[in-house]
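Encoded as structure tokens, here's the structure I'll be asking about.
When the chains are written out, they are named A, B and C in that same order, and each has its own residue count from 1.
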């Protein structure tokens, strides 16, 4: 392993990597997500069914050696759809999480560190956004943005940042009064310095938890959007819209593979991301080695 | 709690396996009470108490209100309820109703004055009446004596009787003091309405249920049940759960939820014609559908028999025009049997590559059920096979209506719709969706069908005053539709209700808008 | 790092800071005034958004299978005043609203909006309150255990459960719960708040409440647990906790007295901020269980584009969110006196 090379004083990145690799949960997370991504990316090369090919004679068939995960209500292969849906769901979830994390962090940190006026104005704005009923917001945004991956990412990102903004602010408000920040300010440190040298390291734990939970949330929001005729346009699969099939009581009870497999894939992916997130947080925590 | 989601599913299936043999049935303690989800499904209208404003929900409303006339339970002919008989003059302009002896729930007699009062409210758009336009041909309503009502028309109307079945009689003595424009806002409807039906309104618990009690003085005899409860369900799956848990004895179900009830002696499946034809509507404002060969190709490309067999479980009839009923479908029309090679050939002849090629075509629908999602997926895949690339888009009803009813629509948003239109019991109901005079903003011809031949056939059928010849006129309409393809007609599906086997003499049919029809609620009974 | 030592180790924090009561009162009053302004801004925003939403109340009224002509619909629009210019419509609404009249529901014209909304407050508070109490207790407890016994079997299993809870779509957990407990086991009623036609009793109410409340608490518990764990880990690494440990303070006291209070800060924000969202999140649970709360009212209103009801319920929810956020900010000051509210 990299960190074990006999250099006398490894740099901070190498030490972080070393700590990351020593974290069992993080390694487990990597062991889950890497094969999953490999499968998702490579499946068209070795799997004979295409995700959108229907076969009305083989509909609602349970898992067999031919169809590993069974087939859905129009005879599409669930395995191919879980793989294909994984691409879209993970793409949408990861991009929208990054965007909303950036917006949320910036708004929260600026609010906490840029002075009382900025705080009051931004927080009242955040309150306003959080008060709007999400359904109305979605209907309007989506009727303007339309369907497809990009509008979906946009809508999900715009809907998800306020909670993070408030959490980051609450963490940094405490920081605002601490000696080293007061000192930095006294020495004339600019806002960017405060944001990234003090704000970011001190809210990294919140960001990591937010990001890992938001991945799941974004995948489910995408599913919710497809109820409104928005989100990913059918017949393209996503984990979210595959889960929607369980609205039918017949699917819920008699054909559980139609929702258990995409649901299981979702749980596994989020779990892996969670473990990796925890590992990353620990790895980059400057105080960790003191333990 | 967290473990519920995944573990519970595993437990659920284990439990299901274990309990399939034992009927999970616990009878509610109150005897002679029927609970049902009467307003679940497409014919229901939860939360509406005002029959003048009702676009559905007549199954329930007609348990405590009554119209002058109604359909029989097969929805084939109009029969009297509060009218013991009726006469139509030879010129089709005067309708005379003889009224029966009936009493309001508060004991006052029902008279022709009440009937006149109600008809005038229904004709007055200020009351919020949705029947006003349909009663436009009515020029006067007179109470000749206490038991005789005379309705005069300015022009003959073949659909007048159909409209009158939806006019629930209202008591003049209770409502005459309220100004017509305040009537809809009055709380009378949901607190103390009185009708003439076999059950009396007792209470409404907001968004939970409505309770009725037997009207022991009912002219048709004392009802067998003591109470009827109409439970509200915001989610159809919840209604099915309540039915299977034994909390209710009746609800509507979607056809793909039937499996749990088949071969189950605790439940009786009630099947009926939906009277709704499903179709693929070509937006005739869009140039891509101009060539009839393209429209024919769409028909040949879709394997309707396979969809009906697999997705509908066989419970639908393929439609080759707006109708499937024998008396209005002529012999020898084209059946558009599945033939993808022919479809490809037709597209080639039409020059589809130049017309549209592989560009995505939005297929808009307001059907958001799991069944519809499967149908759209199948249609999408079948059309893709011949080179027509459609993108299904399911939106909620208001969004759909605002797009398609817009007088200046954005053609890109709906080049094609997957929709339904009521095609019976009165075959004339399709007129509004196909007649050129009904193109928005004048009417709801959302496909913008401009076919003079079809318009002429429809006008001829609607104007036909001889009931015996009407069938032949509608056959002409069918023939034109079949050859010109204003839409791609798909099928007429059946709809289902599930009743507990303990219900006796229970009459229900999946009528469009919930009817009304003759259901004899006074005879409904429940076994102990 | 004197300040940190002091704050963490000083237990006498529950007292309101020196310039205390009067300052807090003035601050709260000011925030409430701003709140009124915000409600006004919210009403304008919602009004505009609603008019941008595709479809209006009349579009929602028609069954596309049984269509009506747009010219008849125009008449209905006129009677509702929907043909007026937007500012006129808004001012007419506002004029009534300031006198406490939020208009009549369009879908159910016999119901005044204010009564309709207020009748939902009780059931919503009951359901949400129960769920939130469950999730706070379960979430904080499991979060703390996870942080203290980090990387243990308990921590690992709580993580798996939390992730599963977070990844289950609300409609799916609601349906699975419903089928499991009311159809297969027949232990609990399938929906509603009271048995139809029955007499009111607390037992009956609890019987109907327990399942939706538990299901509603799943996601919230998972959320609180994850943030609590992260926050607790962060605090346990802080110098003052080390100091306390070094001084030989019992581990139990280190955790409950020194660490817990500081770790709670982001969690309080989380709880405060999610109350508004949770009302929206209850939509699925309320619709599957037909619980007559705000979420169900709202979703029906949106489906029917019932403008007055959407306006009315948004404003009531908005007022709640504003008050809860104010309480959250006040709670920071109580938990950590170094934070000066402004």
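FYI, contacts are C-beta pairs under 8 Å (C-beta built on N, C-alpha and C of every residue); 3 or more make two chains touch, one makes a residue touch a chain.
The shown structure was predicted, so the numbers you read here are calculated from the model rather than taken from an experiment.
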item	value
Pair exhibiting more inter-chain C-beta contacts, A-C or B-C	B-C
Longest centre-to-centre distance from chain C, chain (CA-based)	B
Most centrally placed chain, judged by C-alpha centres	C
Inter-centroid spacing, chain B versus chain A (mean Cα positions, whole Å)	44
Interchain centroid distance [CA atoms averaged], chain A/chain C, Å	22
Inter-centroid spacing, chain C versus chain B (mean Cα positions, whole Å)	38
Multi-chain contact sites of chain A, meaning residues that touch two or more partners	139, 143, 244, 247, 249, 252-253, 263, 267
Multi-partner residues of chain C (each touching 2 or more other chains)	54, 164, 167-168, 172, 175-176, 179, 299
Multi-partner residues of chain B (each touching 2 or more other chains)	6, 9, 12, 16, 237, 241, 395-396, 399
Sites on chain B touched by chain A in the complex	6, 9, 12-13, 16, 237, 240-241, 254, 256-260, 303, 306-307, 309-311, 368-371, 373-374, 376-378, 380-382, 391-396, 399
Of all residues in chain B, those that touch chain C in their complex	1-6, 8-9, 11-12, 15-16, 19, 24, 26, 30, 33, 35, 42, 47-50, 53, 55-56, 125-126, 128, 130, 132-133, 181, 184-190, 205-209, 211, 227, 229, 231-235, 237-238, 241-242, 244-247, 276, 366, 395-405, 407, 419-422, 429, 432-433, 438, 440-444, 446, 512-513
Partner chain B, residues of chain A touching it in the complex	52-54, 56-57, 59, 73-76, 139, 143, 147, 227-229, 233-235, 244-245, 247-254, 256, 260, 263-264, 267
Complex contacts: residues of chain C adjacent to chain B	54-57, 59-76, 79, 104, 107-111, 116, 119, 134, 138, 158, 161-162, 164-165, 167-168, 172-173, 175-180, 182-186, 189-194, 196-197, 214-215, 217-218, 221-222, 286-290, 292, 296-297, 299-300, 303-305
In the complex, chain C residues that touch chain A	1-4, 34, 38, 41-42, 45-46, 49-50, 52-54, 151, 156, 159-160, 163-164, 166-169, 171-172, 175-176, 179, 223, 226-227, 230-231, 233-234, 237, 262, 265-266, 268-270, 272-274, 276-277, 280, 283, 298-299, 302, 310, 313-314, 317-318, 321-322, 325, 332, 336, 338-340, 342
